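A, B, C, D and E are the chain letters, set down in written order, and residue numbers restart from 1 in every chain.
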Amino acid sequence: MLLKKNIPLRYIFGKIQYELLVILLYTTLIAVLHETNRVLPISIPLAIPALLGTVISLLLGFRSNQAYDRWWEARHIWGSIVNESRTLARQILTFTDTGEQGDDVHLFRERMIRRQIAWCYSLGQNLRGTPATTGLDKYLGKRELEAVSQYSNVPAAMLEQHGRDLKRALENGWVNRYQQVELDRTITRLCDAMGKCERIKNTVFPSTYSLYIHFSLLLFIALLPFGVIEYFGFLEIPLVMAVSASFLLIEKMAIHLQDPFENKPTDTPMTTIARNIEKDLRQMLRDQEFLEYEKPARAYYVL
Amino acid sequence: MLLKKNIPLRYIFGKIQYELLVILLYTTLIAVLHETNRVLPISIPLAIPALLGTVISLLLGFRSNQAYDRWWEARHIWGSIVNESRTLARQILTFTDTGEQGDDVHLFRERMIRRQIAWCYSLGQNLRGTPATTGLDKYLGKRELEAVSQYSNVPAAMLEQHGRDLKRALENGWVNRYQQVELDRTITRLCDAMGKCERIKNTVFPSTYSLYIHFSLLLFIALLPFGVIEYFGFLEIPLVMAVSASFLLIEKMAIHLQDPFENKPTDTPMTTIARNIEKDLRQMLRDQEFLEYEKPARAYYVL
Amino acid sequence: MLLKKNIPLRYIFGKIQYELLVILLYTTLIAVLHETNRVLPISIPLAIPALLGTVISLLLGFRSNQAYDRWWEARHIWGSIVNESRTLARQILTFTDTGEQGDDVHLFRERMIRRQIAWCYSLGQNLRGTPATTGLDKYLGKRELEAVSQYSNVPAAMLEQHGRDLKRALENGWVNRYQQVELDRTITRLCDAMGKCERIKNTVFPSTYSLYIHFSLLLFIALLPFGVIEYFGFLEIPLVMAVSASFLLIEKMAIHLQDPFENKPTDTPMTTIARNIEKDLRQMLRDQEFLEYEKPARAYYVL
Amino acid sequence: MLLKKNIPLRYIFGKIQYELLVILLYTTLIAVLHETNRVLPISIPLAIPALLGTVISLLLGFRSNQAYDRWWEARHIWGSIVNESRTLARQILTFTDTGEQGDDVHLFRERMIRRQIAWCYSLGQNLRGTPATTGLDKYLGKRELEAVSQYSNVPAAMLEQHGRDLKRALENGWVNRYQQVELDRTITRLCDAMGKCERIKNTVFPSTYSLYIHFSLLLFIALLPFGVIEYFGFLEIPLVMAVSASFLLIEKMAIHLQDPFENKPTDTPMTTIARNIEKDLRQMLRDQEFLEYEKPARAYYVL
Amino acid sequence: MLLKKNIPLRYIFGKIQYELLVILLYTTLIAVLHETNRVLPISIPLAIPALLGTVISLLLGFRSNQAYDRWWEARHIWGSIVNESRTLARQILTFTDTGEQGDDVHLFRERMIRRQIAWCYSLGQNLRGTPATTGLDKYLGKRELEAVSQYSNVPAAMLEQHGRDLKRALENGWVNRYQQVELDRTITRLCDAMGKCERIKNTVFPSTYSLYIHFSLLLFIALLPFGVIEYFGFLEIPLVMAVSASFLLIEKMAIHLQDPFENKPTDTPMTTIARNIEKDLRQMLRDQEFLEYEKPARAYYVL
């Protein structure tokens, strides 16, 4: 989750602690060798690791860009899920007509909006690989929960239920034909958002690029001490460690950002977003009660 | 606010004054050491800070790009809010029919357009973290203002009110079924714009990237004097300060641009934009009066 | 205007003539100093300006990209204005029905299409800061011209007039309800295009970035002669001037491209585009006369 | 296919084995020459290959970006095919009315959804250059399969069949006029997705760019040993081979990514995606049976 | 045309043969001078051309990107023309009703689809600057061809004809009101595609950028021999020629790609694409005959 809370530094450096330990040993060894052994010159011109450094910078830049784009697209998609959920709720509340069949319409509204809340939680859980139906009993009726549990893709099943409820609403005259089609478009956009999340989840960053960058980085770190030993002596150890840590961290950050649905501290805060959607939608639903449906409504549902 | 007015230079350099002071002391110390102490050679090859400089340039380029994109997207969104507000007003004025229920329709038009003006101010205040309902009493009726104040998200509540007014307009025959759906689409686009602003506001730039770049930059500044001391002597002090100031300023600019809704001199000029929208929409509303509704209208409202 | 005509070289170099003059004096001074004064070594390693050169290249690349994007987006928007104007004219001509009220419909068609032509000119003049109503009397009736002149935003007023004419067309049965909504969408897209132009016009490129890049560039030019004087002697003068001119020109070009609506030789050719739109729309209107309305039509209007 | 499974390393290095062999011989020859022949100095300054290295890095970065964009766009398109297929199925199931002509409607639904499944497989096979109708007999009736086989573009023919079935549905009153148009829009988006795949398939990456980058890379590899021989001696062999392998691999990866529909291990996993679509759509269809059409339905089709 | 066929190498190198000849003479002259004249040292440090090389690489990268984007956008647009042509044909065939006025409807279908084929050829010829009506007599009736020939923009005139035919279809009841609007949207998208092509055609790449890059490149090539002469002697000639050829070729490629509608071997294969559209649309039309209109149809038209 990348909300305004800080990510603990220990978490970050914890990810590269083994690499740093190996580099510490490696650089110390070279420094000791350099000081004790005066027979073999082990220094090389700095231009050689520098050449590698430029190439790696460019490749890490390319990789950071792609990883950032994936992460930012994930955030885009969940932003649009917020928007479409609010739009769906607004349309449900302001398209339907509470005429003669007032109670049925209110049940229909409630069912749609609560299912939409459930959909957001369910999609997040599905993307993170945890069971998609956990906790949905608060929002869905028992029979419906059983029905959607049969599906391999639970959120897709809920969108289908949305569509079927809409059909019933059209048949009962609660929405007119234009409104049905317009509501169906909102569902289509939710379907798109879901599919885009699955695409990001299921498409790995080309692993050969990752491998290549990692190998080049190791080669660069291995050559770097020889390039600076002559000027720094033992000071080479912290210098190489600082530079290596920078490069390794930037690589690790790219790896984390590129998978925005993996239950890591840097992923998309889907549960938080879903909770905010729930708050907004509940408020819209309750307000609706207050203004137009105050007395009998509370008998039907408890939020 | 990034309008055509200049940003005071003092404001800019004020942001890095402490860093510059530290660098001044640091570089002076090194220059003095270099002049007085002739035992230890403290010069290193320029290629070492140069290597770091290339990497940092690439990373600052990456960061500037992302920050600029966030800032530009924020400006895009507010540009589309201008467009959609005008579109909503135009549709309200040219879709509705002032037949038999002329006065009610005029009240409806006025209520919608004034709420739209209020929405723009409210969204800006909400994004900046100031109370969302300040000053809205000029545009909203007392009861409506109380109603929307109950909501945690005031602008979202107003869009819901838009939707509910539209429903009433359909029921009264002021708009036809196609026009209701079309107006609802405009509201949906306003809802999207609002959600996009919230996304930018709530999604921080990955803080580990920022940290890494900052640490690398400090390392670069710390090494730079040693690389140039041999050629410049005391002239090293202004040189290092100028180069450091450049890098620090570009980093600071990126930090400011990346948060376009934070009440800083460089953020999106939301109040100015909202004021322009108000001017345009008031003009459209008044003109409407002049042309078709001149006499009785002024009895109902004062702008 | 960036049409196929060449931009005079004198215009380009004229923009940097003062900078070049100063650099000429500066480099000559250094060359003379180097030849006459043999006491102080004034040469520095080329790596120092080279380091700055890399950083500046990256920043100029970033800036060129953003400036080009603004310029290209402006061209995009005016391209879409061409498309939407043609679409509006086509829809006006092929949606409306010349049944019983043939003459009124023809007047309506003509009024809409001529107003659309006027809108294109007016928007261009508005963006360039010249009076928005100059020359519109050829396209608009006297009363309408007076009405729109009252507005602070003349093109926006014309779109409102479009909407109001459409409403009348619906009331008179010249278009059906779907066609009204569809035509309104075209107007919405024109409204978007107008708002996008205003966004680009009113949003300045972050001025601190510009300042920083300019200062770094001056620092680079100031250091460059010292880096090459040793190898080139007096030949240093043309070399430094050529390199400086390159960097200064690229900076100037970015500055020009980034403001695509400022009445400069490199801006968007809005008048030319509007003239092409006029030609196309007039042809569509006249052709319509030939085919279906040949005899009585010419009595009503002269193009 | 770039799913979560690893790409075998042997596959990757197998692609550049001949190049590596030639480089091994070449570098060994130079090392031997350097050790034995002390007459001619064969060393050159590292700055010369370094200059080429920078240029090549930039060009490979450009190329990697374009290749990645093609690959990612292909994945985008297939992601949207997943979404539109689900949307089509949902609309078919929830728009149509099973009133008096229940059985016919069910047959219509089934025919549409099975044709959609067939379309996904067929498009994938078409793009890979294998026969487009292989295995479609499971989803299409015999007569229809024969009809579409006549077409040079089989998936396009199926979309036409979709449209014709929709027309029949409108004529029979199974969908209303808005729903027909809405369903036709979904088909239009499928048509767009198909056309985009064909565009990527049929547009080669400009081959002169590829050639240029390849020649520059060979020049760079040819010069590299002379630049490092002085410092490394025989160690130059593994060093040059490692660096060359990195550059060659990155070039190869770009070549593979840029053609995402070519039956290679890194291409778009179209068959897998189509199988997932089939699973989802079958489930939607079956579920439909369970809920509303349990008894007679199973007599008509076996999935 | 960038189809799968190879571009002849002679064509590529032919474009830079004069430049290469001049460089050959220039480098030979310098090499001879270096060998014979031992008085003046004409060697300069490689860092000077290297600095220019980095800057030029970045600028060529920027330029390649923009040129590639223009070329790729052109390809995108023609891809969407393929899609919209198929969509138009599908909608024409599946929206219209062959009830009582069967023959007239068939003539209408045929006229629309053949005009769409003609439009594709005509747009391509228009963009390439060849007469827009060449060869259209195969697809358009004589009177219509004369009518559209009057227009300065022939493809725009055809879209207008599309719109007018649609209006007649609505008046005759061949399409309903929703279908007319939906078909008009497809025409609007075709109109957009046409306008986008014209935008790319009429907007030149900022010529000052091109000039600057070209001058910098010449300066770089002029300095390069002096930087490498010391290490290579006569071998400097092929080396400088190879490096120069690389840079010149990449510049030439960018110049070609940036103008994708100029009748060059690398431009958009518009004729080939139009021919494929014709094949698809004819097949759709013929197939229609086979299935529903077999006997009388062939009397009316021969494809």
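To be clear about the criterion, a contact is a pair of C-beta atoms (placed from the backbone, for glycine too) under 8 Å apart; a residue touches a chain by one contact, two chains touch by 3 or more.
These numbers were taken from a predicted model, which means no experiment stands behind them.
Touching subunit C and subunit D at once are the following chains: E. Common neighbours of subunit B and subunit C: there are none.
Rounded to a multiple of 5, the Cα-based rotation taking subunit A onto subunit D is 70 degrees.
Taking each chain's centre as the mean of its C-alpha atoms, subunit B lies 39 Å from subunit E. Mean C-alpha positions place subunit A and subunit B at a centre distance of 24 Å. Counting partner chains per residue, subunit C shows two or more touched chains at residues 47, 50, 54, 58, 61, 178.
Under the stated contact rule, the graph of chain-to-chain touches is a ring, a single cycle where every chain has exactly two partners.
The touching chains form a single ring; listed from subunit D in the subunit E direction they are D, E, C, B, A. Listed in rising order, the residues of subunit B touching subunit C in the complex are 2-4, 6-7, 12, 46-47, 49-50, 53-54, 57-58, 60-61, 64-65, 68, 71, 75-76, 78-80, 82-83, 86-87, 90-91, 93-95, 97, 176, 178-179, 182, 186, 228, 231-232, 242-243, 246, 249-250, 253, 257, 266, 279-280, 283-284, 287, 291. Residues of subunit E touching subunit C in their complex: 44-45, 47-48, 50-52, 54-55, 58-59, 61-62, 66, 147, 150-153, 156-157, 159-160, 163-164, 166-167, 171, 177-178, 180-181, 184-185, 187-188, 191-192, 194-196, 198-199, 202-204, 206-209, 211-212, 215-216, 219.
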